[in-house]
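The following pair of complexes shares a single chain, subunit A, combined with subunit B in the former and subunit C in the latter.
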Partner chain A sequence: MRFLARRFIFYVITAWAAITINFFIPRAMEGNPVDALLARYQGQVSPDAIRALTVLFGLDKNQSLWDQYVQYWQLLFSGNLGLSFTFFPTPVATVVQQSLPWTLGLVGLSTVISFFVGTLIGTAIGWKRGTWADGLLPVATFFSAVPYFWLGLLAIMLFSLTLKLLPAAQGYDPGLIPNLDFIFIGSVIQHGILPALTIVLSSIAGWMLGMRNMMVTVTSEDYVSVAQAKGLSERRIMFGYAARNAILPQISGFALSLGFIVSGTLVMEMVFSYPGIGFVLYQAVSAKDYPLMQGVFLVITLSVLVANIIADLVYTLLDPRTRQEG
Partner chain B sequence: MSTVLPTPATVKTGEPVLQIRNLVVDYGYGDDPTHVLREVSLTLNKGEVLGLAGESGCGMSTLAYAASRLLPPPGIITGGEVLFTRRDGSVVDILKLSDKELRAARWNDIAIVFQGAMNSLNPVYRVSKQLTDVIATHRPALSRRELDDRAAELLELVGISPDRLRSFPHQLSGGMRQRVMIAMALALEPQVLIMDEPTTALDVVMQRQIVEQITDLRERLGFAVIFITHDVSLLIEVADRIAIMYAGEIVESATASEVYRMPRHPYSDGLLGSFPPLHGPRRELGGIPGSPPDLAKPIDGCPYADRCPFAFDRCRVENPALKQTVFADLEPERLVACHLHDLPLAKVPVQLTRRPA
Partner chain C sequence: MAIDLTITAPDVTTAAVAGRAARHRFVFLRNGKAITGVAILGFFAIIAIIGQFIAPYDPDTLGPDIMQPPSAAHWLGTTNLGQDILSQLLIGTRGVMIVGFAAGIIATILAIIIGVSAGYAGGVVDEVLSAVSNIFLVIPALPLIIIITGQLPGGGEVVISLVIAVTGWAWGSRILRAQTLSLRKRDFVEASRANGESIFRIIGFEILPNLTAIIVSSFIGTVTFAILSQITLAFIGVTSISEWNWGTILFWAQSNQALARGAWWWFVPAGLCIALLGMSLALINFGIDEFINPRLRSTGQNAKAMRRRGIVARIGFTPVVRKR
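Up next is the complex of A and B:
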């Protein structure tokens, strides 16, 4: 448990550092975004909102940097990330809250599917080297080498425009009211298939290749020969001895990719006009919406951190050598 | 002393348990494979320790793995048979077993202690799991409790405290890991134990302990051992019989003391000359100049001819067969593959014709 406590302290410090950097970056930027905003909305902004903005951007000249910093933390803890310019006067927290589930749901699920399917295929072709299954590799590599936006457009062209099987854009049918009924959920799934398919297709090669190569390495380890000599069943050797060890580096890669779910889906969300956080970030950047950018960055940082914590825990669970006992 | 290690009275000897006949192994597919084993024949009797010695790359490990059908690709067995005598007296050819039969026979009949003691244990499983999974596979009727008891018993057999069952391999020292491997090999009480350089990765003190342990266990449990090593001096202590391998062939086989005291093949003589003698006067260490031939190329004549100080014309054209020498009456077990022994006794180099006492 001492090990876990140490890791926890490490992550708390990392989180503190990341959030602190997030505090300083807007203060290092030139110009005064708040003035620009105020000019745009000419007096329609409440004094409270102005105050929150000023504090968030460190534009409050009457305050020392330290007081600003303390206030920034207070705002953070109360969930106040300021107001978005683009979706004015919606608070940034609300914008993030509305877009994050879409990204986490779609891209998260696709990443998990890609990881599991790719690792499983990699296990199989690594175990039975030199069979027809090796032919899957170049095919999968082709799809990951193709630029994603092109793959996405191609998929839209084929499945939406030509075959008219699946919708081309949006997260759900615009005629529906978001609601937890079957029609809405069905629409969400229908809209998710194409983006999910393209994400899986473009990312699966990495998992397959990584796992296959590790399997080939591990298969020549002595403990696999011992397992063979012991007469254990083929399945037991393949999963319990070979794959069980080969998967360890995959786990680190998986954790990293989980961290990039939030930030790495910009292209997908643009191609499919998907209402996720990548699309929000894109809008924020094009509108110079600094509070929103800052909020999204915060979410990205924290998600990478959380993914790392998960990876750490899973790795400790899977590899006894990384446990520091005592 | 006549033999260095007296054969235990409880073990019947002279009955073969494993007979390897004309085993041929190639590495590589296609037109020009490397012939790593060239018609090797070898018999292991019940309860005996047979030592296999030679330089690296002479096919000792290949022989052991081929006989248990564990050769990693691209090794292929292209000929020969491996006859195993079961406890009930029936004889099976291991090379002809179906995959299922082979799986069932493994570890039950022949268990192996591998070369890499340090890497033979799965790093992510506890010792107990690795000891019990093999027992559970072959004896599915046993309960969880019986499996754990057996695992504890096995560890005690090799002198490790049973509370080590909860350990992971990385928490054990090299010597302990090798002991765990020996315990694991004995889990199903196999008739044959193949030990592929079981002590190479260990320090001399630990080597000594492991070798004594094997000898001791062999006397108590009566299994036969094929002991593979580069260390001929070690073999002379543990083995009943020794087979010397060179370039994928057996060039001499005899009892351990016969090989040690009066080698008949120039290669055995050279190999023994590379170690300091344990007894007798001090002498200069010889070593053998050169290296074993490239097995990828065809070999005309005797493979040792290029390095042999006594080679003559016939050696370069005809590969000698493994057969008895003129001393056959005095040492019936000895087989030597050398043309020198076809010459009149006076013409054979004197160090190869020492008379049996």
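Up next is the complex of A and C:
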């Protein structure tokens, strides 16, 4: 359990670092843009909200930095992330709360699918090294180099504008009221297919190549030769001996590259106007809505941390070595 | 090139390769993937230099031909304002390359300083520096870059490169640390330490030369990251929309509904350029990977040669390309 304890401490430190970065960025900038926003919305912002924004963005220059920091933490613990100006006068926390489930559903699901399918294909082409399967490598390389959002643009052009198969934007049919009936859920699925497919298509290559290279390395290990010499079935050697060991770096890689993947998928939401947190970030950037930007960054980082903790738990389950000590 | 394939046990080949180490210094450039990658990269580097002079039009000048598909006058068509897309693409190459490489260089220097010191010093220094680089790895880079550049006034190429470098050094630092850690205990390092060589000499002359391949590979990886980040930033409109780069073209295409109007020529070429450049960098990195790890060699054309000899490249063997 020492492994998990160490990781947990690391995540606590990372969360603290992210929150502290979030605290210092607006304070390091010259001239505070939120001042201008507040001036523009003068009279419409409640005193409470002004106080929150003052704490979040350090508008009160007379306070010591330490006092600001303490107040900042108090504010975060009460779940107050300030006021969004794009969705005026909705609080940032509410906007994030509404959009987060969409992102978790779309990005979470498609990342997991992409990881599993990619790892499986990587296992196969790593095993069949030196045959036609190697022909997949250049294709995978190409797809791993394409920016996610551009693939999204192409997908929209092909599937929704030319073939008119799938809707190009939004999370569900705008005429529907969100509730849990079949029409609504069907519409959500219909709108989710295209962005999900594009995310899978653009992120799968990385997993494939990574797993393939690990498989190639692992298959030259002695224990694989021994398994072969024992006359075990191909299938058993492939999954039980080779893939089982090759997948470990893949999972620690999953945890570390999650940040990159999430960045890519956020832009994907922007292309598809998907009502997730990436699209909210896009709207915040376009409208120069700083409280919303900061809040979104914080929530994305914390979600990635939670995903990392899950990946670590899976790693502990798969690798007995992490469980031995302590 | 007369490359022949011989399948041998790894220990035999390492001895053979070591004997001819001098002639094999540039063996990396004999790798087909690496050559392709370097060629494509070279092509874009030349465009970055001469793009300005060979561009047929001024990228900002409005023309009478609006939303024209590719034609003899405008090879890649025009925008809704009659600007020539080919010219935008040619001139935008420089911005892409400058930011990519500037950010790559800064980030690699950061990665070397932090990664090598962490690996060489060990102990508390290592713990702290590794924790810092892991933190930067875990925090999603793009949102961080967005909130920093979004609040910066201006946002020119220099600033963007700096911000990308500051958020993108962690991966290289992690790899370099791991490798330094393993080098530190090698005999030749121990020997120079016993000789009383200064720490800078040990790091500069004993360790760094042995890290060259990894440094180059992490540099290439960072350049890819920087290019993609910069283009994404331009595409969502965080950075200056008047400085031309491929992302700016996509930004204008998106904000003018190029998709809905069916103007494929507006966004397809820019994306293809990004993909080609990214692919060239990835290919160079594969070349380096295969150079470092012989087990990964022998793919593509080698597979055919092996089958002809009736060899199934699978378990227990490390096929190595050997030149006769």
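Here is the rule we use: the second predicted complex is superposed on the first by the 296 of 326 C-alpha atoms of A that agree within 3 Å, B and C clash if a C-alpha of one lies under 4 Å from a C-alpha of the other, contacts with A are read in each partner's own complex, and residues count from 1 in each chain.
Keep this in mind: contacts are C-beta pairs under 8 Å (C-beta built on N, C-alpha and C of every residue); 3 or more make two chains touch, one makes a residue touch a chain.
These figures come from a predicted structure and were not determined experimentally.
Chemist: So in the superposed three-chain picture, is A:F24 touching just subunit B, just subunit C, both, or none of them (first/second/both/neither)?
Modeler: Once the two structures are laid over each other on A, A:F24 reaches no partner at all.
Chemist: Quick one: classify A:N245 as touching subunit B (first), subunit C (second), both or neither.
Modeler: In the superposition, A:N245 touches subunit B alone.
Chemist: Which partner does A:Q228 reach: the first (subunit B), the second (subunit C), both, or neither?
Modeler: In the superposition, A:Q228 touches subunit B and subunit C alike.
Chemist: May I ask you to decide whether A:L154 touches subunit B, subunit C, both, or neither, giving the answer as first, second, both or neither?
Modeler: A:L154 contacts subunit C only, not subunit B.
Chemist: Is A:F8 contacted by the first partner subunit B, the second partner subunit C, both or neither?
Modeler: neither
Chemist: Subunit A residues in contact: does subunit B have more, or subunit C?
Modeler: When the residues of subunit A touched by each partner are counted, C comes out ahead.
Chemist: Have a look at where A:F116 lands relative to subunit B and subunit C in the superposition and call it first, second, both or neither.
Modeler: neither
Chemist: Once chain A of both complexes is superposed, is A:S220 in touch with subunit B (first), subunit C (second), both, or neither?
Modeler: both
Chemist: Could you list which residues of subunit A make contact with subunit B in one structure and with subunit C in the other?
Modeler: 220, 225, 228.
Chemist: Over in the complex, which subunit C residues touch subunit A? Could you list them?
Modeler: 10, 131, 134-135, 137-144, 146-148, 150-153, 171, 224-225, 228-229, 231-232, 235-238, 250, 254, 259-260, 262, 264, 267-268, 270-271, 274-279, 281-283, 286, 289, 293, 295-296, 298-300, 302-303, 306-307, 312-319
Chemist: Over in the complex, which subunit B residues touch subunit A? Could you list them?
Modeler: 68, 70, 72, 102-108, 111-112, 114-116, 119-126, 133-134, 137-138, 168, 170, 181, 184
Chemist: Show me the residue ranges of subunit A that touch subunit B in the complex, using the header's touch definition.
Modeler: Interface residues on subunit A, with respect to subunit B: 220-223, 225-233, 236, 240-241, 244-245, 318-321.
Chemist: Within the complex, which stretch of subunit A touches subunit C?
Modeler: 10, 13-14, 17-18, 21-22, 25-26, 29-31, 33, 127, 129-131, 134, 137, 141-142, 144-147, 149-150, 153-154, 156-157, 161, 168, 213, 216-217, 219-220, 224-225, 228, 237, 255-256, 258-260, 262-264, 266-267, 270-271, 281-282, 285-286, 288, 290, 293-294, 296-297, 300-301, 304-305, 308
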